[in-house]
Amino acid sequence: MAPPAHWRRAKERYRLLGSKCENCGSIYFPPTKVCPKCRRRGKIVQTEFSGRGKVFSYTIIHAAPKTFEKYTPYILALIELEEGPKVMSQIVDCKPEEVKIGMEVEACFRKLFEQDDDGIISYGFKFRPIDDSWRK
Amino acid sequence: MFKKRDVAIISAAATKCGEQWDKSIKDLAWEAGVKAVEEAGISGKDIEYLVVGNMSGGMFVGQEHIGALVADFLGLNPIPSLRVEGACASGGIAFFQGYLAVASGLYDIVAVGGVEKMTDVEQEQATTALSGAMDFEWEAYFGATFPGIYALMAKRYMHEYGLKRESLAKVSVKNHYHGSMNPLAHFRNKITVDEALNAPMVADPLGKYDCCPISDGAALVILAPLEIAKKYTDTPIIVKSSVMASDTLSLLRRRDICTLDATVNAAEKAFKLAHLERSQVDVIEVHDCFTIAEILAIEDLGFAKKGEGWKLYEEGETYVGGRLPVNTDGGLKASGHPVGATGIKQIVELVKQLRGEAEKGRQVDNAEVGLAHNVGGSGATAVVTILSRG
Amino acid sequence: MKVGIVGYGAYVPKYRIRVEEIARVWGQDAESVKSGLDVIEKSVPSLDEDAATLAVEAAKNALKRAKNVRASDIGAVYVGSESHPYAVKPTAVTVAEALGITPHLTAADLEFACKAATAGIQACMGLVRAGYIRYGMSIGSDTAQSAPGDALEYTASAGAAAYIIGGENLIAEIEGTYSYTQDVPDFWRRECAPYPRHGGRFTGEPAYFEHVIKSSKGLMETLGTKPSDYNYVVFHMPNGKFPLRAAKVLGFTIEQVSPGLVVEKIGNTYSGSSLLGLAAILDIAKAGERILLTSYGSGAGSDSFSIIVTDLIEERRGLAPPVKYFVERKEYVDYAVYARNRCLYRR
């Protein structure tokens, strides 16, 4: 994959950004240029998600393409963000047997992959189980 | 406003599916093409329009311009020839396009084919090529694999409807059983539920036997207006309807990840246009890229309620001889999944069944109506075609 | 004009490996290693963590504590590390992008072994005081490398600490800074070498102690302060023994140095080390209390800071997890998983 393609969506990957239609209030992920509900009447602006959500579904990936091979087995999940939209991401800091549908998670910043030993390193969001125990 | 014509299939042919080292993409297309042309008793010169389904000649064999390639190699120049792509639904879309061409009255004899040459590249490159069926930016980029996407559907389905892995295994066992009697199938071995459950995991809960293979293969059918079909064959197969529908590219934007709305929409319209009921269907070929996909297909096509499709497998109802035979050629799992060809391969199987020409043991008794269901990606594209014996 | 800390944040990866486990593999005596280093286990990054990801996590926590500071108010980002993911392409820009600080800022990566980030703090102080920026951020972050079987393997760990420096909204004022720097080859790593090399006992007196002590003394002389004016002292922590010895030589008590000694259970987080120690103090210090911080970077140099906590600390420290949380939330791995995570098999 080429540098421009990595760079084009880096902001959204780093900060978990989506879109909001100021006309109807709908929130979207991935970012969109069109509000499917309002179409021409819609006014799309950037929105940043809190990062908190719940596991909607998950799987453990054992067979992965070369890019992700060294990370197997890893947990791939559909996370339902508290704002509504779903994202596809990995769950980290968690054993495969500990993942449950409905588990509360929060976004964190991790490496997605490296392109060869001398290629670009791609970063983005993953999710980890929420631990609020420090908030006493 | 023109009146649409009735369309018939006058011949249908397919190559074997599997690892065919000595055959190139051209060889595969040629083999299916020649068989179909000979069966219809026509000459290549009679074909007026060619549509070819192919997902990724580029990434598998460095070849694009597949429409031109097949027309050239089959000696069909200068007719219009195009390649259509809808990931794993490329074949079904090709059929849909060919059907439109004849139904519109603009073309009479139309050839519709599908071809995919997948085994030249290493597994890893093939997986990368197939991941183009997903949303690359927001799914593949984050570590999603194609089996992983369907595994997410399966896990959620298990959570909502209580499905167990054994039920998924039963889908695969049935498909291998049918495939064992199909000389064109990629896999001819029968398997057991235990073997399926203990196979290596690919993406939990899908193991090796829940996932269709990577195959080389081609298929081609020839369409003609029904009013002249009897000139070419004693058993024309009528295309009652062929409908294509779309849905979000990525799984994360779906309304319900346990339902392929594209299938539901295409099926609804297909049955309406065909003026037929589900109960009238005798045999179906569904898109079982993964075992869970077959169960969802049964439900989304309207043959079972959501959450209950798996129950048909408990009592063997989907076997040949059962209430609703599904994937009598072995499905994608056993008969193979040469991506662009699969949608046409399904049609070829239905034509065999409706003509009573399938091998003993897997021929459905007195099959009159058949339905083919071809899906692209995780459900972004679906094509439903209903055929009946002429 | 006052200048000081507006926000601080920490991050340590979840995984740990015990001294016993490393000693087991190399056939060494765990008890004597532990008592020699005063370290019992160290942090291990996940395979998908590196100095950039750790820096982002720490920086986010710092921004949370900086409460009214918007990302766009930050005018400088410096990341100090010995394990920058790229040799050329700064970690700082990834941090800036991830926090939404881009594009109106200056940024650079710094390297000075374990003290690069404190040099970054000094740079921010200068830019703030001179009126060029409103706030600046310096982050010390490392996934430190150590050769398998080398003594450093017991302590070279992973962690990050981030500091937002400004002239207003201070939770701690920096009343002075002093540095002591010379060319000393005590510990180094050539660009293509996967692991550092060091001079054994040479890393002690002429390196660590020379600079830590001279820098701390220089600061106190400049400000006219003495050890008893401080409630806490934090030194760079290559192990649990060196800071205690430095404290003793300088005349600090065990009570002043112990609260910041985070190394025992997370190891030496290199560029994050002294700054994580400072964060641990800020997690508990009361308004008006004074802290002496002296970092040390091999090569060699030390940066010292005299810090007074303000009353804003109470309402801000609870906005992000304390160092204690990171030290205590852990899961152990064995040497095989450690080797896999650190890609030891590749070199």
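Which chain is which? They are A, B and C, in the order written, and residues in each are numbered from 1.
In this text, a contact is a pair of C-beta atoms (placed from the backbone, for glycine too) under 8 Å apart; a residue touches a chain by one contact, two chains touch by 3 or more.
All of these numbers come straight from a predicted model, not from anything done at the bench.
Novice: Looking at every pair of chains, which has the largest contact count?
Specialist: A-B
Novice: Could you find the chain whose CA centre sits the greatest distance from that of chain C?
Specialist: B
Novice: Going by CA means, which chain is nearest the middle of everything shown?
Specialist: A
Novice: With chain centres defined as C-alpha means, what is the inter-centre distance between chain A and chain C in Å?
Specialist: Using C-alpha averages as centres, the distance is 30 Å.
Novice: Give, as an integer number of Å, the spacing between the C-alpha centres of chain B and chain A.
Specialist: Using C-alpha averages as centres, the distance is 32 Å.
Novice: Quick one: chain B and chain C, Cα centre-to-centre, how many Å?
Specialist: Averaging C-alpha atoms per chain gives centres 59 Å apart.
Novice: In chain A, what residues contact two or more other chains?
Specialist: 71, 112
Novice: What part of chain C is in contact with chain A in the complex they form?
Specialist: Residues in contact with chain A: 14, 46-50, 52-53, 56-57, 60, 85-86, 94, 97-100, 318, 321-322, 324-325, 329.
Novice: If we count contacts the way the header does, which residues on chain A are in touch with chain B in the complex?
Specialist: My answer: residues 9, 29-30, 56-66, 68-69, 71, 74, 76-78, 85-90, 96, 101, 112-113, 122, 124.
Novice: Residues of chain B touching chain A in their complex?
Specialist: 124, 127-128, 131, 135, 137-139, 141-145, 147-148, 151-156, 159, 200-206, 250-253, 257
Novice: Would you mind writing out the residues of chain A in touch with chain C in their complex?
Specialist: It is residues 10-11, 14-15, 48, 70-71, 92-93, 108-112, 121, 123, 126, 131, 133-135 of chain A that touch chain C.
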